[in-house]
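Letters are used for the chains, namely A, B and C, taken in the order the chains are written, and counting of residues starts over at 1 for each.
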Amino acid sequence: MPQDSAADSLFEAPPLAEQERMVEAVLFASATPVTVRDLEVRMPHGCDPGAALEHLRKRYEGRGVHVVRVGDAWAIRTAPDLGFLMQKETTEARKLSRAAIETLAIIAYHQPVTRAEIEEIRGVSVSRGTIDQLLEMEWIRLGRRKMTPGRPVTFVVTPQFLDHFGLESARDLPGLKELRAAGLLENRPPPGAVPLGGHEPDEDEDQPELFED
Amino acid sequence: MAENLFEEQDTSVAERLAAEALIVDVEGFEGPLDLLLTLSRTQKVDLRQISVLELARQYLVFVEKAKELRIELAADYLVMAAWLAFLKSRLLLPPEPGDEGPSGDELAAHLAFQLERLQAMRDAAARLMGRDRLGRDFFARGEAENMTRISTVQYSASLLDLMQGYARIRTRDDFRPFVLDRESVFTMEEALERMRGLLGFTGGWTDILSYLPDGWHSDPVKRRSATAATFAAALQLAKEGKLEVRQTDTFAPIQLRSLEEDS
Amino acid sequence: MPQDSAADSLFEAPPLAEQERMVEAVLFASATPVTVRDLEVRMPHGCDPGAALEHLRKRYEGRGVHVVRVGDAWAIRTAPDLGFLMQKETTEARKLSRAAIETLAIIAYHQPVTRAEIEEIRGVSVSRGTIDQLLEMEWIRLGRRKMTPGRPVTFVVTPQFLDHFGLESARDLPGLKELRAAGLLENRPPPGAVPLGGHEPDEDEDQPELFED
């Protein structure tokens, strides 16, 4: 935006050190990750939260709390090695079934992935409860529909998932590169038309109301 | 050697336990692929080097046993059994000439891929669940500060609003009754009246400005109004044939002469 | 927790820097202020939470968050000068009232202009609220006093005004000719809305709801 020098001086941003304090205060105050955009909106005009965040992250290296990146947002989290001090704060994680854990991993590593693809990988149909539970925990959400016949919905993991597992992004999933290199994340169609693993005709089409809203 | 012996013994014990477990607890399996994966563990080899033929044999034995024990097997287990029986025959018999479809080796390779992929996903899931986790190993802010919500009203106006607003005022000005400005406006009617009275007393050419009323000379606004009104009145009177108007040059003084005297 | 030997862990407390990390993590994660006694119970045997707290408090001096005492307990709190960041501002956009727009237009076109002059041009008196609102929005400010009897204050528009309307200077406002060319001067007010005979009581003062929306 064109501004003359007078207008510029009116909107001069605070010094970087001050911006760092601001980012620090906002991140400390929030229990959930704060996006850069959110920081921009809250901080005075002309601030550069990105640079301030980088400084802040360095400042907290090796400390009792860390500045961590979660997707396109940032949060302060306690250092994992100090977890033993927090019995009081530990929240009993909801016990996930083996099916739910596997389904979650498949969604994380194969996203965006359709229900039929999950079933193909697990060799068994995915119960509605499993998907519902993961949706309810806000670890997965609906992605874009796939541009294949029937335009099935896909599932992807959420920022909450990344936050929970301390991942900066889905690209940082453990072993992702190796799995990809080994071709294990491919959606390889079976030779011929022989279905494996009791693959019933697409359930999505039987129950379209499940995931559409 | 001794170690090997032990290991083999261990394996056979594990195998027996597994076999029992399979029969007793078929419900515990997450489908035929899961069962195949469990069976493949008894081969103790890399999944890429697995003997699919051997696996098919084991699976079929399992299904037979389950039948003997009258365990209800889900349909997909039976579908898999049928498919594995087909695969087994494909792998054992040389392909018939003109045979359509994928070869036994292709099918076996795909099954091996599926098993490897499922195993990979299980390992990935285990690694994922073994990560430091929020609320267990690392923690968020315990005492999150609440955002106080401040609702502010932001008034907006566009340049068009501003221009229209000003135009509205100026337009209104056009409509403003003259009464408002009467003190500084000399109307043509007033000028006509004044000139009719004065014309008879003037002889020869006189400057139009001398017809301006007293007190209307100094104030520029008043002078302008009076000049305009007097000029308009002069034109009116000229039209009526009561006077003549002349101007010797551009911007030269305008002079009037009465015609009434002569007539 | 890192341990070199069993004996060490029994009798030797972690280094003070490590204790400081622990206090930092506990204060951060705790939902309520934490007492020194509480810290002692949580931290490994032999720790000195008091000393660690003192170090931590010093470390956060001048930062975006502070270590503060709350009764006989300790907590991490936002630095008081950054409280404004914790306010989530919701802005509601409303159109300026006609009276305000007209007053603003007159000030922009005629600045510096006195209130009496604005009233003269508008043909109605200008309510105090209208002027106050424009002042508060920082679209107008006081100019020099006029060198006429009573030395009335004048109003001028501000750089914020110019910024909002995308003008380099008030001189950039389209003139009457341009307004006419744009057809804006043909915009006659509806019949009956023409205030005749000037100074009627201001519409603004009759209606305390100053602003149309």
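We take it that a residue touches a chain if its C-beta (ideal position, glycine included) is under 8 Å from a C-beta of that chain, and two chains touch if they have at least 3 such contacts.
These numbers come from a predicted model, not from an experiment.
Novice: Using mean Cα positions as chain centres, tell me which chain lies farthest from subunit B.
Specialist: C
Novice: Nearest chain to the global Cα centroid?
Specialist: Checking distances from each chain centre to the full centroid gives B.
Novice: Could you state the distance in Å from the CA-based centre of subunit B to that of subunit C?
Specialist: 27
Novice: Taking the mean of the C-alpha atoms as each chain's centre, how many Å separate subunit A from subunit C?
Specialist: Going by mean C-alpha positions, subunit A sits 33 Å from subunit C.
Novice: What is the distance in Å between the mean C-alpha positions of subunit A and subunit B?
Specialist: A distance of 21 Å separates the two centres.
Novice: If a residue has to touch 2 or more other chains to count, which residues of subunit C qualify?
Specialist: Where subunit C meets two or more other chains at a single residue, that happens at 25, 28-31, 76, 78, 86, 88.
Novice: Could you list the positions in subunit B whose residues touch two or more of the other chains?
Specialist: In subunit B, the residues touching two or more other chains are 139-142, 145.
Novice: Which stretch or stretches of subunit B touch subunit C in the complex?
Specialist: On the subunit B side, the touching residues are 139-143, 145-159, 161-173, 175-177, 179-180.
Novice: Subunit A touches which residues of subunit C in the complex?
Specialist: 1-2, 20-26, 28-31, 42-43, 62-65, 76, 78-79, 82, 85-86, 88, 159-160, 162-163, 168
Novice: Show which residues of subunit B lie in contact with subunit A when the two form their complex.
Specialist: Those residues of subunit B that touch subunit A are 30-34, 36, 74-77, 79-80, 83, 101-102, 106-107, 109-111, 113-114, 116-118, 120-125, 127-129, 131-142, 144-145.
Novice: Which residues of subunit C touch subunit B in the complex?
Specialist: Contacts found on subunit C: 25, 28-32, 75-78, 86-96, 98, 100-102, 104-106, 108-109, 121-123, 133, 137, 165-167, 173-174, 176, 179, 182, 184-189, 194-198, 211.
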